[in-house]
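Before anything else, here is the set of structures, which you'll find just below.
The following pair of complexes shares a single chain, subunit A, combined with subunit B in the former and subunit C in the latter.
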Partner chain A sequence: MATTTVTRSAETRSSAPSAGRVRAKSPYPTWFYLPAAVIYGVLFIVPTLIAFYFSLTRWSIFDSKFIGFGNYVTFFKEPALVTSLWHTLIYAVVTSGLKVVLGLLLAVLLTSQIVARGYLRSVVFFPVLVSTIGVGLTFTVLMNPEKGLINQSLSVIGIQGPGWLTDPSYALLSVALVDVWKGVGLATLIYIAGIVSIPQEYFEAARVDGAGAWDNFRHIVLPLARPATVTVITLSLIGGLRSFDLIWAMTRGGPGFTSDVIASVIYKQYQAGFYGLSTAGNVVLFVVVTAIVLPLSRFLNRKEVEL
Partner chain B sequence: MTVLQSRRPRKNLLLSFVAIVLSVIVFLVPFAFVLLTAIKDQQQASLLDFSWPHQFRLVQNFIDVVQARDYMLIIAFINSTILTVASVTLMVVFGAMVAFVLQRRKSRWNGLVNALVLAGLIIPPAVVPTIWVLQKIGLFRTMPGLILVEVAFGLAFVILLFRAFIGTIPRELDEAAIIDGAGPMRLFFRVILPLLKPVIITSVVVQSVFVFNDFTNPLYFLPGDQNATVQLTLYNFSSQYSTQYNLLFMNILLITIPPLIMYLFFNRQIVAGMTAGAIKG
Partner chain C sequence: MRKRHIAIALLAAGSMALTACSAGSLGSSDDSGGDGKVSLSFLVDNAAETVKIGNQLAKDFTAKNPNITIKVETRPAGTDGDNLVKTRLSTGDMSDVFMYNSGSLFQAIAPEKNLVPLDEGQNIGSLDKNFTTTVTANSKVYGVPWGGFMAGAILYNKDVYSKLGLSVPKTWDEFMANNAKIKASGVDPVIQSYGETWTSQLFVLGDFANVLSADPQFADKYTANQAKYATTPAALAGFQHLQQVHDLKYENKDFASAKLPDALRYLAQGKGANYPILSATLSELISENPGSENKIGLFAIPGSDGSKNNLTVWAPAGVYIPTTTTGAKLDAAKKFLAYIASPDGCTSQTTASQPTGPYAVKGCSVGDSVPQAVKDMQTYIDNGASSLALEFLSPVKGPALEQICVEVGSGISKADAGAKHYDEDVKKQAQQLGLSGW
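Up next is the complex of A and B:
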């Protein structure tokens, strides 16, 4: 139908340099992809692909030498590096689990009839926009074992707080908690959007049937907020697995290697000049992220369709 | 009687009270701590306690932070502004162009492009190989290099936002413009782009906050004091032996102001951008 007009417009503009070929006459030209494709291809796709090659080399500033799977052997033999893999998984699962639970509870609270709803929504959300490094340094001070505000307050009510960031068994979890503090606002917001989009008729029908608050939550909000749950889980898993700046700002992977994650190992190996090993870490991270996120999001989304 | 009561929603006062108290303790106290420490003198700030300042050194601390290390903060603010403005402009224009063609034209490329967009959201960037590529094209340790890196990493999210929005603009509009003799460039930049204003604002605001707060990419791709962006200035005041906490927190305060302003003015757009896809999944 539109063919004739398209042909005419192309004819009148035949002096334009790009109008040479017949296929280029579409009003939606393929070359619109070009600027984005060049930048994305050169600075994202190419590095991602050549990472697989460079991870198999001993690589310094000057040259690289093919050494097969040596870097991966090193990575999985060195206890400090293997534990970073587990730390990454723990960190991602803890942060996304807490964000789902707290985000959902906060969203239910902030969509219910309470005073100062606007204030509460803003105050929960604002940390999302604040610099991660700023948040990290602030909480490093607040979590100081002797002088920090958290342990000072706990000692007032007679609890002796742990050395949040100095005790090897707490450091990783403390950072994860701060991550939740900073990120729960986004989860809450996504859940609020999901809950608000639930048609009011369901709640009215439930009230006629005599349902209480718990029934509403269990049988209406929870199942119908499922797309929001999928988004929150996917987003926070991706973020948690890649997480670097908060950990770097708070513990630098310490004490020892007890809060090292893959992303901080990548940086440390890069700083030390082991580029091949650093890149191998990157490939491991790539595999971990895709192996977890892709099947999970496919599974979660398929279930949604069956409902 | 009871029916009337339950129909008019009553505010739950006890729950509200608990929520407000908890929000103050959990969320406001850390911010108040930053604010109070930022105006203390160095000696009192080093106590790290939550107390009222003996002396108000707001102006003095501000001057000290700005002057530290040869006005590094000023240079960093200029660098961050250039980085944010340039990279967000490019990623929004290029992303919108991709989303436009992707949404309008069904071709064999669509599957591939969609897969690449998804990959951009999920895959963690390979750090050292990116540095290698930047070195090969002569852009490592340069501002244009970092700008292009931010564009490359941010494109996927922008394309996703735009594609959904362009779907709501009727095709008849394109056809009318084409009949009036508009070419692709004119159609896109004069007809379509102005209609995308809401989603442009959303993506500009959200991506500006992301790029401005970015720490990792400047750390890797633009090292060096002269090139510092604001996030890296936070390490100016801590050394191994002593940290000037009052100046550190003044610095944190100063670099929080731009996102705060963004939030005050574009609250609704930020919320819209960040929750996009929450309902559709």
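Up next is the complex of A and C:
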């Protein structure tokens, strides 16, 4: 009995590569892929290639002129660019980090036996469903230094709140906090799914060994929720690097340029009619996001395999 | 059977696509029937006063020309509107007649390619030269004026000035001396409203008449990349003024978050004494703060030389016909432009909205019932003490000036750095326009 099992599994393993080669011959005729390929080509591949070309030109809506790498030179000489790159990194790291920490804590809370768990879960998730622009405008009103609810509440207990969005040293972080408020629900959801899928046997075994709540968290939840952590970090980092709508709704990159990120710089250049320049900016953004996220997700996923 | 189903489905999908197309091409569908009636679409921006004027013009014009009806459509103002106008022009989808800025923005919509030039039928002769130069490309005039001139100047509260015994300053030093006294009396000397960033630019843009009196050739040299803000002392002064006002804490406390309506209210209530702003905001000031029309005066932004202190003036926007308007519609559109450029057209605009500056059409008057600030402005213009803003004399205008002014005016950066930053900013615009020497 045992021998047959072994041989069969050995057989399966040795036949696996040839099965892979056989799978290349699909049961569907090739033209089945055509509609999808046409849509993908027309809507994604062609515009991407054209964008690379137009980033090398100075174009208006009416005509275009090839100028080589001039746009890239201008873009990297732009004083706002270096600061905006830095802001983008701060923004991405702050929002991503806080979403991981808060999302994990909330998920632990919301998977424990507490009153009104289902209701609380939906409350945490609710901000994700609201329009970003709506959230931005609402918080702009709440964070008004003189008339906003936040500073008025603080003044009741005798604290003079700062100009959340008008003080150059706070503006970017204030927007990042609102981003966390809005996005933490999704991180929590991913973590809840990760924690719920951990088999109860581990916890039972740990209890038999005399583990406390902290040990459970440190040695069971944290390592076994790693796939969830990887997903949350990757998603929120990409989101943070290319974030635009919330920043634009709340500060438009201001005051001055103190909360400008790459995406808002690109948008402003597009608005000003520097189409070639902003196309080049988009290519830069594409490269930056890829350069950060690709190695990071390789690194995180490799760790997961080793575990 | 099945094949027929597919055929019907395809037909339905096809016809749906067709209807979608014709619904999408706004205003280009030809609905001038055989009875000689013509309907024109007229695109204006969506500011409340603009829409009022547009509707009044449409109504009064149709009363005179019963065969032509005009439908007013609106678009966003500012940079969103710029994109929309450019897109509709380039796709041949523009309304039959449209209103848009004159000066550098007019040059950016490729007028020779996209617009129909005016001919004698549109009263070119009766248009003010200061206006026609701003809607001219290759010695052809393309637009008629919408509304009146406006000034970039300082609006001041006359009550505060008379209570403290102050007089209207001619030089920057006199202005700052006034401000010291105003500050001592507990009133904010200078109102700023960086909650709406465009309002931050007036100390720089409104100072241009003073730059021009110091160097009459500045605009040409600037266009040719031979003069810079950072290295021309008279031009740099605007940025320095902005910094000074902040350094001496002369701004209202909430300058960083206040918006235009807040600022106008502070001025009307006497909480602030001076507000550097465009005179076009007067109509909002008066309608939101009744009884303030004679309490608010206007003076040109003071410069270094009191004897040459001129007012910086913005030309009115223009009304244009795109080349996509043809046939009976073109004739009707030309008639409509001729009407706007006539005294009747001015009267119609005055009926709709309180004029905030003199009209650019000869034979038009704003009347005697205008607010005090408009009378002050008229005095400068009648005395020949006014000149056009830089954006009408040179196509070079950087898009980031408002943010740079906010930075300098809130102490984030210094005047020199701001001016240098702006010089870099305009370079991109000049290159985009393909000017020589950049």
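Going forward, the second predicted complex is superposed on the first by the 278 of 307 C-alpha atoms of A that agree within 3 Å, B and C clash if a C-alpha of one lies under 4 Å from a C-alpha of the other, contacts with A are read in each partner's own complex, and residues count from 1 in each chain.
Here is the rule we use: contacts are C-beta pairs under 8 Å (C-beta built on N, C-alpha and C of every residue); 3 or more make two chains touch, one makes a residue touch a chain.
All figures in this text were calculated on a predicted structure; none of them were measured in a lab.
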item	value
Which superposed partner A:Gly240 touches (first subunit B, second subunit C, both, neither)	neither
Between subunit B and subunit C, more extensive residue contact with subunit A	B
Which superposed partner A:Gly103 touches (first subunit B, second subunit C, both, neither)	neither
Partner chain(s) touched by A:Ala51 [first = subunit B, second = subunit C, both, neither]	first
Subunit B versus subunit C as contact partner of A:Tyr40, first or second or both or neither	first
Touching partner for A:Asn144 - first (subunit B), second (subunit C), both, neither	both
First, second, both or neither for A:Gly183, with subunit B first and subunit C second	neither
Partner chain(s) touched by A:Pro168 [first = subunit B, second = subunit C, both, neither]	second
Subunit B/subunit C common contact set on subunit A	144
Residues of subunit B that touch subunit A when the two form their complex	6, 9-13, 15-16, 19-20, 23, 26-30, 33-34, 37, 47-50, 90, 94-95, 97-98, 100-101, 104-105, 107, 109, 113, 116, 120-130, 132-134, 137, 148-149, 151-153, 155, 159, 174-175, 178-179, 181-184, 187-188, 209, 213, 215-216, 219-220, 230-231, 234, 238, 245, 248-249, 252, 255-256, 259-260, 262-263, 267, 270-271, 274-275, 277-281
Footprint of subunit C on subunit A - complex, ascending	58, 60-62, 65, 74, 77-80, 144-146, 163, 165-168, 252-258, 268-269, 271-274, 276-277
Subunit A residues touching subunit B - in the complex, by the definition given at the top	2, 5-6, 9, 12-13, 16, 26-30, 32-33, 35-37, 39-40, 42-48, 50-51, 54, 59, 109, 112-116, 119-120, 122-134, 137-139, 141-142, 144, 147-149, 152, 181, 186, 189-194, 197, 207, 226-228, 230-231, 238, 241-242, 244-245, 248-249, 263, 266-267, 270, 275, 278-279, 282-283, 285-286, 289-290, 293-294, 301, 304
Subunit C residues within the subunit A interface of the complex	79-80, 82-83, 86-87, 89-90, 108, 110, 113, 194, 197, 253-254, 256-257, 399-400, 403-404, 406-407, 410, 412-413, 421, 424, 428-429, 431-432, 434
